[in-house]
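Dumping the structure here so I can ask a few things about it.
Chain lettering (A, B and C) follows the sequence in which the chains are written, and residue indices restart at 1 in each chain.
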Amino acid sequence: MTGKAATQELEALDVGGTGAGTEWPWAPGGPDGSAVPQRVYVTGIFLALASILMFFTALTSAYLVRQGISTDWVPIELPAILWANTAVLLGSSATIERARRLLAQGRPEGFRRWWGLTTALGLLFLAGQFVAWTELRAAGVYVATNPSSSFFYVLTGAHGLHLLGGVAALLYLARRDESREHRAGLQTAAAAASVYWHFLGVIWVCVFLLLNLRG
Amino acid sequence: MAEAHAVAHEAPKGFIRKYIFSLDHKVIGIQYILLALAAVFVGMFLSLLMRLHLVWPNAKLPFFDVMTPEQYLALMTMHGTIMVFFVLTTAPQSGFGNYFLPIQIGAADMAFPTLNMLSFWFTFVSFAVMMAAFFVVGGAPISGWTAYPPLSAVGEIAGPGLGWGQSLWVISIAIFCGASLMGALNFITTTLDLRTKGMSLMRMPLTCWAWFVTAILALLGFAVLLAAGILLLLDRHAGTSFFVPGGLVITEKLIPHKGGSPLLWQHLFWFFGHPEVYIAILPGMGITSHILSTFARKPIFGYRAMVYAIFAIALLGLSVWGHHMFTSGMSPYSAFAFSLLTMSIGVPSAIKTFNWIGTLWGGQIRFTTPMLFAIGFVSLFVSGGLSGIFLAQPAVDLPLHDTYFVVGHFHLIMGVAAIFGMFGATYYWFSKMFGRQMSEFLGKLHFWPTFIGVYCIFMPMHFIGLAGHERRYPDTTAVQYLAALQPVHLFMTIAAIVTIAAQFIFVFNFFWSLWRGKKAEVNPWEATTLEWTVPSPPPHDNFAGRYPAVYRGPYEYGVPGAAKDFTPQHVPDGAGGAGSH
Amino acid sequence: MEQKQSGTGGSLVAAGLALSLVVLTFSTIYIFFKRTWWFPEPISAFAEAVDRQFDRTLVITGLVFFLAQLALGYVIFRYRDRGGRARYSHGNTVLEILWTSATAVMFIGLGIAAERAWASLHWMGAAPGAMQVEITGKQFAWNFRYPGADGQFGRTDPSLVNDAAGNPVGLDTNDAAAQDDVVTATMAVPVNQEVEVILRAVDVTHSFFVRELRFKQDAVPGMVIRLHFKAEKTGSYEVACAELCGLGHHRMRTVLQVLPEDEFQAWLREQAAE
């Protein structure tokens, strides 16, 4: 915009007058009609990841400290199904990436298929985690049995809840309109969701390593 | 560009969408401020009861008759919790920040309006849950706002209020963590992504820098507190032993927990708790800088140094939590590191102080009410900051830790100084928010007893702390050396009564001006930043679809050769800026 | 637009505010000098070292306090609005570097100077041959245990803790080493003799605080914390709890008697007889 004109408009505004509006200073609202630039979703998701990372770091440091000082730590026998769950979750990272790329290439049907597959894998992972919990419970290992089991339930539970949120996001996005004029918004949302999904995969690998190596 | 795209959301119709579940950052900001106003009066009333009880232990007090020790400790816990979380964390950041961050950077709203609304309502629910702790069996918890286990973890066997009251406390704090995380995410994203054309980071008002950095601290700190809170809740209700060691015998009963570490809680808590101090005070620093520059009619002295100092304080603030734990039994070697890092915070703090004085130097100071509170802030910040230098040294901390010296120190710096920041902000921005001006006469009438009063309350606390007066004592008769300090308590209580009475001048001024104040102009203070370019109060999307461009830094006062002594950010060079008009 | 608000009652407010800063500064410094409310006399070399470091800190912070508050008072009076233009300046990098490095040297230097006293208490163990006393915190009383003639503490067991039966620390009397342990409700130590204290807590966190020793240490459940002191003046000193431990926190008080060697031995015999 030209400076002079803008100033006049703003001075008009100062006294409550009306004038033709200047343009949005940032990339104007996306084709889906949203007024904020698409990049806020990307920024937002990375900030959320920073916060979640702090949360799990706090739990992990509590884990290491608690284990370091204790004389009562008895490692629990990790259910074997956790390996299968890990494979499922890592697989879902691959499928969500495929879905995201298909959408970017303008192939909404393919997107829909792979996106649905990712959702299913996410639910399968959660079901698998539930089986792991049930197995432990059957073996008499409860939350309060031992600090190792307390941390096992806290870490897997916290991760599971985050993943449940991820599944909800996938389901919500699957219902969104992917018609041409809204595709840019959907692409950003899908990208943000997949960043979150990959991150939860990484967190799970770290948790799983922690449980295996420092159990 | 079509106008329809220029609003983040349509202007709402109907009372509920407009004022209750509003998406508008301005309404949400005011909601936060009103919540904090309600909370601050609850917190202040609790402190008044405590002060009365300390001086007249047998007096019959409202709601309490003659206060018991556990009631006193419950008041003390709730006073601290309410003030720290629902006043110092909400008003300066979520309240004023919500209202003015988008306007000052030239945005229509926060990046995520729905998240913003959720954040407020989470805070509201959290406050309701916290208040409920007063009304459950056993009453409010007695373990202090720091909730150290095992006291806070083993249930009511360890004392009244540690059953349901403590559980509600932890739940409320967990909800509050969620609210703060949402808010922090929103603030950072808004600052990074929604600045208007020309508003580079180094052209942002210092208020925006303060809110931005505060949000970073909140994003990192509250995540850790949430984790700690969940573990504490499990210790209380699921029988785990994160924080509770084995072999505890409480009132002759062996507690079934084993192997936990009370120090683990302290580390996690203070990893949040120390940054929390800066969450409370940084917005006040930003507001003070903003006000000082406006009314000294001078650019801020050393803008860049001020920005770097905020970052230095925040960065160091994340790595000094151990200085709360010098007597805790923590490793004495890490105490050395924590001590030196803490002393280093004195450096950026001194930079801020010197730069504030440098800003005033050579100015043409206008003594408006917000300016008085900003100057008061600087004085309180110096006083409260310097007593921290004693506490930062582990050896000197030994006789002072957990005494009134600490109470005096943190009340001056994170309590009262932050409150002065809020008062300054209120007097400064009231006209913008509500379209009417607060009474300057009543404002000044409010300032004097408040400024003198808070010094009379909190400065003597340092002295009785030197004499060894432990904090959190409901009764000063059992320990004999405390008897000699009783006259000081009397002095502080009288000062507190006067100071609290003076706050009603503020409340009267606030509500009277809301309806009867003088109609506000767009820019009554002749200030330079973007909030002074929009009507008072601003329209739904702040700039009515016409977004300003920014041509210069935020504090261009007294530019030589310019017609007026202030050159707003949005005026292009040669068009009303330097030289013309 | 007209210059608004220039000189509107500014001088009076400026003078008042500057004056209150001056009054604040001088009265605070006066009370610090007068020492009406102050530390009690130190009774150990460590306490004296802490006091010296406190005084050093007081001088430096006092100076900064004095200069900063008075500078603030001066500028607000000197530069009150008198209708002109403010001096246009964005700062001064040289000054900025100067006061940054000055405060850094001052504060960090002070911090390093403080470590010697801390190290003498916390980094070094008790002198060999120090007398041992176990201090146990409990809602809401302190208990002290002396090892007796064998110089060894007997076994304790939380399940044996029973105040009514006169066993507040849970001493296991089946243990031979426990036979001659002496458990007391007040503390006594011989003068001029190094004492190693072993801090424990049976229920929640407490903090053992003796003003005259400038000694404060939390007694944390699940931890055994060893520190040491050497009291050099006989007398009776109050001990208080400094960490919130419940509704009786304020009455968790006892005394520490610093006695000449022979009186201490007599006291210990008397306690053992009870």
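To be clear about the criterion, a contact is a pair of C-beta atoms (placed from the backbone, for glycine too) under 8 Å apart; a residue touches a chain by one contact, two chains touch by 3 or more.
Treat the numbers as computed from the prediction; the structure is a model and nothing was measured.
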So which chain is farthest from chain C, going by the mean of the CA atoms in each chain?
A
Determine the chain that sits nearest the middle of the structure, using the mean of its CA atoms as its centre.
B
Centre distance in Å when chain B and chain C are each reduced to the mean of their C-alpha atoms:
28
Nearest whole angstrom, what separates the Cα centre of chain A from the Cα centre of chain B?
31
Please compute the C-alpha centroid of chain A, do the same for chain C, then give the distance between them in whole Å.
48
Among chain B residues, those touching two or more other chains are 246, 259-261
List of chain B residues in touch with chain A within their complex
1, 3-9, 106, 108, 111-112, 181, 184-186, 188-190, 192-198, 219-220, 222-224, 226-228, 230-231, 234, 238-242, 246, 258-261, 264, 267-268, 271, 522-523, 533-535, 543-549, 551, 570-573, 575-576
Residues of chain C defined as touching chain B within the complex
1, 3-6, 8-10, 13-14, 16-17, 20-21, 24, 28, 31, 36-40, 49-50, 53-54, 57-58, 60-61, 64-65, 68-69, 71-72, 75-76, 79-93, 95-96, 99-100, 103-104, 107-108, 110-112, 114-119, 121-123, 139, 158-159, 161-163, 170, 199, 202-205, 207, 209, 211, 214-218, 220-223, 225, 238, 240-251, 253
Enumerate the contact residues on chain A facing chain B in the complex.
1, 3-4, 6-7, 9-11, 13-16, 18-26, 28-29, 33-37, 39-40, 43-44, 47-48, 50-52, 54-59, 62, 65-66, 69-73, 143-144, 147, 150, 154, 158
Chain B contacts chain C in the complex at 68-70, 73, 142-144, 148, 150-151, 154, 158-160, 244-252, 254, 259-263, 296-303, 305, 327-329, 332-333, 335-336, 339-340, 342-344, 346-347, 350-351, 353-355, 357-358, 360-368, 372, 375, 378-379, 382-383, 386-387, 389-390, 392-396, 398-399, 401-403, 444, 448, 451-452, 455, 459-460, 463-464, 466-468, 470, 472-476, 478-481, 484-485, 488, 526, 557-560, 564-565
